Amino acid sequence: MKMTYAEAAREALAEAMREDPTVWAVGEDLGRGGVFGQYKGLREEFGEDRISDAPISEAGIMGAAFGAAMVGTRPVVEMRFADFALCATDELVNQIAKARFMFGGQSRAPMVIRKPMGLWRSSAAQHSQSLESWYAHIPGLVVACPSTPQDNYSMMKQAVACDDPVVYLEHKDIWLSEGQVDRAENLPLGKARIRREGGDVTVVSWSQACNLAVEAADALKSDGLGVEVIDLRTLWPWDKDAVMESVGRTGRLIVAHESVQVGGFGAEVVAYVAERMAVKARRLGAPRSLIAYAPNLENQVRVTADMIADAAREICQ
Amino acid sequence: MSQTNYDLARGREMLECMERIRAFELTAKRAAVDEQLVLGAIHLSVGQEAIPAGLMRHLRTDDLLLSTHRGHGHTLAKGAPAEAMMKELLGREGGSCGGKGGSMHIADFGVGMLGANGVVAANITIGAGAAHGIKLLDKIRGDDRICVDVFGDGAINRGPFLEGLNWAGVFDLPVLFVCEDNRYSATTKTSDMTAGDGAAARARSFGIVTHEVDGNDAEAVTDLTAQIVARIRETRRPEFLHAKTYRLDGHTYFDPAAYRPAGEAEAEAQRSDPIMRQRSVLAAAGMSQDELTAIHDAAQAEMAAALDEARSAPWPDDATVFDDVQDLGSPAREAF
Amino acid sequence: MSQTNYDLARGREMLECMERIRAFELTAKRAAVDEQLVLGAIHLSVGQEAIPAGLMRHLRTDDLLLSTHRGHGHTLAKGAPAEAMMKELLGREGGSCGGKGGSMHIADFGVGMLGANGVVAANITIGAGAAHGIKLLDKIRGDDRICVDVFGDGAINRGPFLEGLNWAGVFDLPVLFVCEDNRYSATTKTSDMTAGDGAAARARSFGIVTHEVDGNDAEAVTDLTAQIVARIRETRRPEFLHAKTYRLDGHTYFDPAAYRPAGEAEAEAQRSDPIMRQRSVLAAAGMSQDELTAIHDAAQAEMAAALDEARSAPWPDDATVFDDVQDLGSPAREAF
Amino acid sequence: MKMTYAEAAREALAEAMREDPTVWAVGEDLGRGGVFGQYKGLREEFGEDRISDAPISEAGIMGAAFGAAMVGTRPVVEMRFADFALCATDELVNQIAKARFMFGGQSRAPMVIRKPMGLWRSSAAQHSQSLESWYAHIPGLVVACPSTPQDNYSMMKQAVACDDPVVYLEHKDIWLSEGQVDRAENLPLGKARIRREGGDVTVVSWSQACNLAVEAADALKSDGLGVEVIDLRTLWPWDKDAVMESVGRTGRLIVAHESVQVGGFGAEVVAYVAERMAVKARRLGAPRSLIAYAPNLENQVRVTADMIADAAREICQ
């Protein structure tokens, strides 16, 4: 079935809510369908208790949802923009991620924390960030970065079913992108998806950048270059086996991500591989600079399909 | 309203200010809708212009102002040039922030405007801190500036409201907090998500002198804020103004605001549009229809010209992309 | 106080509770100071015992409680076994949290105690949320529990105070907020850093039914909270209790509290130590000195035994180190 | 002159405050000298306006100090524990780090943001974190991690003088450690310090872990192993030249840090080098797990001098 990225997540959430009455969603403006329409129609089906509006109160939303999770409900928390989620960092990092351990296993925080991220048409510095590497660094959290409607369907379902807190980073620029969704597909969280096979170079990526990597791979095919594109899908756990296996064959590794390169998760992937085998490696991330409003400036910090293709050509020389 | 001692010049000044704000915003909206010239989201203050028009005229250029995502009106009223602001909305060279910020980060430090903010309520503590800085500088070299810190009704539900007001109260700071209560937080009725009696009640619980005003009545706003500003300049202590108003447009320029009860916006536009009200006041005080029209037309012409300038302005120089990130470890030298 | 219908059993129960709390904490303090057995910082509630003693007895075991870094008293009064708590303070196997949390993260979900917290005020929103969870579960399968959410006077200056109270008010949640006002925030007099009239005034501004009580008078606390707890159980709406007390010990067990005005603590110990006061009440009601001593001694003996057990308990099994971090991507399988 | 790590920072701050009346410090309990005595005596000299107490209000402290910085003062912000600074993440990351750029250069935020971090005698999960890699990932911020009294003196002075916001991470476990402080020493922020020279393996580190690396190097000397220990001192900017030069000679790289290894800054260092040369690399960081209260459990997530020595021996085989 064809769905957009937004519809896929909505479908998955609706199904989860039908199956389990303890699943509920909470965030600002959800009753009107959410800022990106990703909750459209759900209020009508599930009512205002289960598709709950919230005050502008990210710390309150996160803290309260955590409390409600500890007593046995399964909240889906909407942060609206990943940037605003920074207002709830103590709640996520000091409380949610740590409670189960600190309390010696007495509690659980089965939560999905949705944080729409990334560059989106001149949203400027406070509405464009991608901070997935932060969450990958925090023990206790699962980190999901779906790149396609299929994954935004199946990963959302799995995230709601998961007993760990899942930081769920949807990319704002692809809400309307369409794709086939097979409801039965069930690749588990933690497993990568090989989106293109190839023997010359391995490109590891996630989220929207992975779609660019696929574009690059397709473009290079006519040049006779075999680019294997691995979509990590989750950054923790991440599929080291898939990456090691592929790089073992190609000997060349590119990691491409939209977020800032310095301290980005690409560093983790390259370092992990480089500790274990000789590899030609290259990261492609944003410069350590801020995101401007003017499109020509915004574009200068953008990783593009062309840049990935160029890097692939170069590394294969 | 045709009292003998009505101050016509003052009333006219406020109408001019409101007309300029509205013309700026509706011009920008047209540029966004018809020509896709405005790049990011813009939030219009149509219907809320009486607050900046009444208040900012009491401030000196060197007094400070912090505002929100809905900050065009405050910024214009504080004295920022419309052309640079329009260029900023279009992301052009010569924009208030060199095209880097856009509408939500508009700022003009030259007129004391320390920035709009894309994060609701964040400016509340920052504005308290700006006043804290004034207080410290006052002891070093004399500084009698004051700070005005504006936010919406939705902002009172975030922690920085508490932390900022408490800070200003504890440290006795020369800051005026202004809650522009337009009843909505994006698409949500704020009262549905607010416990208790709202902004003024909360402000009073911090022991801060608190006022309420019909924020659509420019005359009332300016009368009251004349006293408030003079008192803060003198006492160096915080005060709080709860200004009730109504957002006539959508949350963003592309929001049809279908969630509002049918007829609500129309009724408010009839009843409480501050520009209509101020026109009536001025007409009653003897201003001719021609003069009123001239004020309106002048504002339209100014903003049309500003848009023309902005439209033909170049994009920011690509070479500025790494400017003003940081000195040490600047991306201009090391971006990776 | 020798009224005919004084409830001696109830008064005795509260004294027992207070004596147990004090004995627990002073035993732990000795273990810390003399034997370095307690590993991290512990925060004693000496002087504040009347609040948990008066309040928690109205709760059912399945009612919920969230507390702070100063949470031993609440936890004991809610029914957690002292021995497991003492083991937790010593970081031993069999501790309430398996030795992983320590004093600041003590929790006993078996008696509804959802955790102390190392971050001031963080539990305020979490407790509101626990009540939110109850409300949701009530609609699914019936749930008449209530939640008690305790914090200090310093916590009212952090944002979660606002966000938590607003949340509880907006969603109509069955939660009792309790501000234990011991006048100090670590080494700072809270009133110096608090604008306005403090906790109760702020709580009222959220439209939450608010009470004040002498938190060192166990009888007053229990009388008032009997009504409050019964009402919340019924109405399912939030209420707020501002309980005034005094911290007789330092902020942590190793804080000499030299910043307090000379004589202040001594005077308070004389005037308002809740255990002394409750002993007087009971003596006036006819309890003999021997009985009072027996209650004291029993508490001491219980805690001495708890310490003995804890002292001889082993460290947690090294193999538990990676347990209970997360299921997916557990460090037990992949730590790097 | 001999000073402790705490005294060194206090001296530096006092000197800066004497030189510039716009420098002031703000945080909870500062009037009584700060939680670790790092402000002892300063209230007496500078008064309560310049050594300012604060409500328990990390977001307020950070936001207000930022406002005061924009109008021309130079605040030193005390966060007490790095963990509590998470309550002020929006203020630091969305506001302070971005304002100068978003406003097109109109504003500055000359601030020092002190965040005592790290493992410290059974402080458990909410009082022990090291999140330096987070801040290194955020454009606009300078990140300092002094490891010795000398550096806590000279880096503090430079941080106060710097016009950028400096996240200044002191390690809680070494407040009382003593060392020689030369007031004239002036190695700039951004330059690494070679703490031990050696030709067999390069160990890159910072903060307290670097002191362990030095211990390991000294221990291995008798084994005839030459361990070069590079103390990065700042993670942004970081001294890539020093690292590249050293690894160019040794061909072997170990990066040791106390923080969680996954997504830690060690990944950045290894990835940066591996992109540029063939290298045998190894990271030593904490497992992606939480920090427990019981000392035996706490110790299991600790990187020790012995572990660094073992890794050095192994990599040199």
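In order of appearance the chains are A, B, C and D, and numbering begins at 1 in each one.
We adopt the following convention: contacts are C-beta pairs under 8 Å (C-beta built on N, C-alpha and C of every residue); 3 or more make two chains touch, one makes a residue touch a chain.
Note that this is a predicted model, so its numbers are computed, not measured.
*Asks:* Within the chain touch network, how many edges lie on the shortest path between chain A and chain C?
*Replies:* The distance in steps between these two chains is 1.
*Asks:* If every chain is reduced to the average of its C-alpha atoms, which one ends up farthest from chain C?
*Replies:* Of all the other chains, the one whose centre lies farthest from chain C is B.
*Asks:* Could you grab the centroid distance between chain A and chain B? Build each centroid from C-alpha atoms only and quote it in angstrom.
*Replies:* Whole-Å distance between the two chain centres: 36.
*Asks:* Between chain B and chain D, what is the separation of their C-alpha centroids in Å?
*Replies:* 40
*Asks:* From the C-alpha centre of chain A to that of chain D, how far is it in Å?
*Replies:* Their C-alpha centroids are separated by 30 Å.
*Asks:* List, in ascending order, every residue of chain D touching at least 2 other chains.
*Replies:* Each of 55, 57, 59-60, 83-84, 87, 90, 94, 101-102, 124-126, 139-140, 236, 262, 288-290, 292 in chain D touches at least two other chains.
*Asks:* Two or more other chains in contact with one residue: find those residues in chain B.
*Replies:* Touching at least two other chains: 95, 97, 99-101, 105, 117-119, 157-160, 163, 166-167, 170, 192-194, 325, 329, 331, 334.
*Asks:* Could you tell me which shape the graph of touching chains takes: line, ring, star, complete or other?
*Replies:* Contact map by chain: complete.
*Asks:* Could you list, by residue number, the parts of chain A that touch chain C in their complex?
*Replies:* 21-22, 24, 49-50, 52, 55, 57, 59-60, 62-73, 90-91, 94-95, 99-107, 139-142, 162-164, 189-190, 236-237, 240
*Asks:* Would you mind writing out the residues of chain A in touch with chain D in their complex?
*Replies:* For chain A paired with chain D, touching residues are 83-84, 86-87, 89-90, 93-94, 97-98, 101-102, 124-126, 131, 133-134, 136-140, 236, 259-260, 262-268, 270-272, 274-275, 278-279, 281-283, 288-290, 292.
*Asks:* Provide the residue numbers of chain B that touch chain D in the complex, in ascending order.
*Replies:* 64, 66, 95-101, 105, 107-109, 114-115, 117-119, 122, 124-134, 136-137, 139-140, 159-160, 163-164, 166-167, 170-171, 323-329, 331, 334
*Asks:* Please give the residue numbers of chain C that touch chain D in the complex, ascending.
*Replies:* Per the touch definition, chain C meets chain D at residues 39-41, 88, 91-92, 97, 99-102, 104-105, 117-121, 154-155, 157-159, 185-188, 192-194, 259, 315-316, 318, 320-322, 325, 329, 331, 334-336.
*Asks:* Residue numbers of chain D touching chain C in their complex, please.
*Replies:* Chain D reaches chain C through residues 28-29, 31-32, 35, 53-60, 83-84, 87, 121-127, 261-262, 285, 287-290, 292-297, 300-301.
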